[in-house]
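Should a chain be cited, it is by its letter among A, B, C and D, assigned in written order, with residues numbered from 1 in that chain.
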Amino acid sequence: MIVLNGGSSSGKSGIARCLQAVLPDPWLAFGVDSLIEAMPASMQGSDGGIEFAPDGGVSVGPMFRKLDAAWMEGVAATARAGAGVIVDDVFLGGAASQQRWQKVLAGLDVLWVGVRCERAVAAGREVARGDRVQGMAALQAEVVHQGVVYDLEVDTTHTEALDCAQRIATHIRSQA
Amino acid sequence: MIVLNGGSSSGKSGIARCLQAVLPDPWLAFGVDSLIEAMPASMQGSDGGIEFAPDGGVSVGPMFRKLDAAWMEGVAATARAGAGVIVDDVFLGGAASQQRWQKVLAGLDVLWVGVRCERAVAAGREVARGDRVQGMAALQAEVVHQGVVYDLEVDTTHTEALDCAQRIATHIRSQA
Amino acid sequence: MIVLNGGSSSGKSGIARCLQAVLPDPWLAFGVDSLIEAMPASMQGSDGGIEFAPDGGVSVGPMFRKLDAAWMEGVAATARAGAGVIVDDVFLGGAASQQRWQKVLAGLDVLWVGVRCERAVAAGREVARGDRVQGMAALQAEVVHQGVVYDLEVDTTHTEALDCAQRIATHIRSQA
Amino acid sequence: MIVLNGGSSSGKSGIARCLQAVLPDPWLAFGVDSLIEAMPASMQGSDGGIEFAPDGGVSVGPMFRKLDAAWMEGVAATARAGAGVIVDDVFLGGAASQQRWQKVLAGLDVLWVGVRCERAVAAGREVARGDRVQGMAALQAEVVHQGVVYDLEVDTTHTEALDCAQRIATHIRSQA
């Protein structure tokens, strides 16, 4: 099980897809985007759901958190059932977010990977994508790593997603 | 937990989204499309993965089945963790597919819903979508229901997705 | 050249894709969605651009109108260059919108098609799609047809997109 | 009018979106992806249409070329009507492709921009995207630039899309 944590537009899903291409067995990739996709459309912008402020701020309420917690249990069960699982997430709560995952993933062999990207570069990639609320990348770039403990950190500022993925794959092989 | 089974282009995901809108609490919706999205790109068209023949035939191999089985455990765990879960699937194996789900969902309160659509109408909607291998809708329209036992069946041939969803929601309320 | 006019979620793009499948030659399909896709992301929600109010209301400003007018000239030139062109639009201004197209398409052989759908049914399909501002379908269902003159009208309330497309194709054949 | 030419996964559309963000007026962005989207689904993989070989090779037939030529006239007319237009294309025919555009764009003020990306890096980004036929990026990386004459060249190998866009915008300002 691999957990990728990084801010919006730091390059997590690109790395996840490259990992799926370079790892020897087929792995499933889930992420916070697929979770939001699975939620009712009405959760976006509603009280208790998830709100994207015009400045890029993201706040989540109790309903979001409830579904999120259940989804995390599902991700853990998928891994326990024997599938390789890559999950990408945005630890809005820093260390507290990691602790929630640690509890859910107890007993599983987890590789914690920090995906860093310099704030200005991530903000530029957000513009190039064109499909995100502008400002999220900058606001999340550092805060999501606060107090989080990693086995490995990669930085997409000057390193391609495929190279980051190869470093992670090498690390996994060396642990096996 | 609600399981929607029907052929390609029978209208399952439209019903799932309407259910998310009409059910009182927020439910998560997963489906075979989100599973394929989570798999490595290389699973499509590969031995052991999933192959879409030009005539609309779909065949899955052992690697697909392994990831599929793990994903089903994850869906079950999400529901056991307390989230309302709607899953849409295509029971390519008919009754055998249902039995696999029944085993995984043991102990959960499940509503089995058959989503039917006349073959010719589903085939026409496949053309209107424009993003599917042509022929799947016709090939799957009846075979996916063979030997499957439902609590409720809806037919999108002449009934809108929202009306189907409301019938399902009424059924759930009457059971509560 | 075929112009399809109808409210949001009335089924215009499904009919366009079916027309592409049933017409003898290959036709290009453009629409208001592809225009918005071609605009800067910042046009959405900005003064002078296009605003989607929470109740489904849509208002466009001078910058939107300027790009829209230039895009219409491009659509006309594509048809004049000899390609079959299907365009789907939402005549927010009713007859005035049609007059703008008539001016731009002067000299071209145009089939004007009204795509109707009962307000409540279109609103339900908007829920089933899950990717549109709720309320647009109901607000636009009738107003976009006010004062507009058609060669042919289809109604997707009880008729499938493919059947509507076949009626349009038959009409074209009978005119040829 | 800005024409961006580069191989698949060289970063053209990211640059186009950044240009839309940094240029003072609103510009429309069209590209070969939007053209393919506008074509009938049946054009993909058909004789006379466009074929993507498993090794990443792309070949186009007479029907594709006919629609392509008409679409180019439409792009030119949009620019002539007064809108700023950014078009991204893949000059599979090198200098011959440029000549076709030059003919269509006659009389317009055009900035020709080459978007380069080292073959291996583009191939890696193709893996990270996960939605393209693998191999296109490598096959197209150099051949699309053969004999093409540019006003400006950018290289996304080590330069971010936003920085490339800013260089292009500065060039435009200096010409004005």
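Rule of thumb we're sticking to: contacts are C-beta pairs under 8 Å (C-beta built on N, C-alpha and C of every residue); 3 or more make two chains touch, one makes a residue touch a chain.
In this text the structure is predicted, and so the values were computed from the model without any measurement.
K.L.:
Do the two copies subunit B and subunit C share over half of their interface residue numbers, or under half; same or different?
P.N.:
Both copies, subunit B as well as subunit C, present the same residues to each other, with over half of the numbers appearing on both sides.
K.L.:
I need the rotation angle between the copies subunit A and subunit D from a CA superposition, between 0 and 180°, in steps of 5.
P.N.:
To map subunit A onto subunit D, rotate by about 180 degrees.
K.L.:
Need the CA-centroid distance for the pair subunit B / subunit C, whole Å please.
P.N.:
Each chain's C-alpha centroid was found; their separation is 32 Å.
K.L.:
Please report how many Å separate the Cα centroid of subunit A from that of subunit C, as a whole number.
P.N.:
Centre separation, subunit A to subunit C: 39 Å.
K.L.:
Pull out every residue in subunit D that's touching 2 or more other chains.
P.N.:
Each of 17, 20-21, 41, 130 in subunit D touches at least two other chains.
K.L.:
Using the touch definition from the top, list the residues of subunit C that touch subunit D in their complex.
P.N.:
That would be residues 17, 20-21, 26-30, 34, 37-43, 49, 63, 66-67, 69-71, 73-83 of subunit C.
K.L.:
Which positions of subunit B touch subunit C when the two form their complex?
P.N.:
Going by the criterion above, the answer is residues 11, 14-15, 17-18, 20-21, 121, 124-125, 127-130, 158, 160-163.
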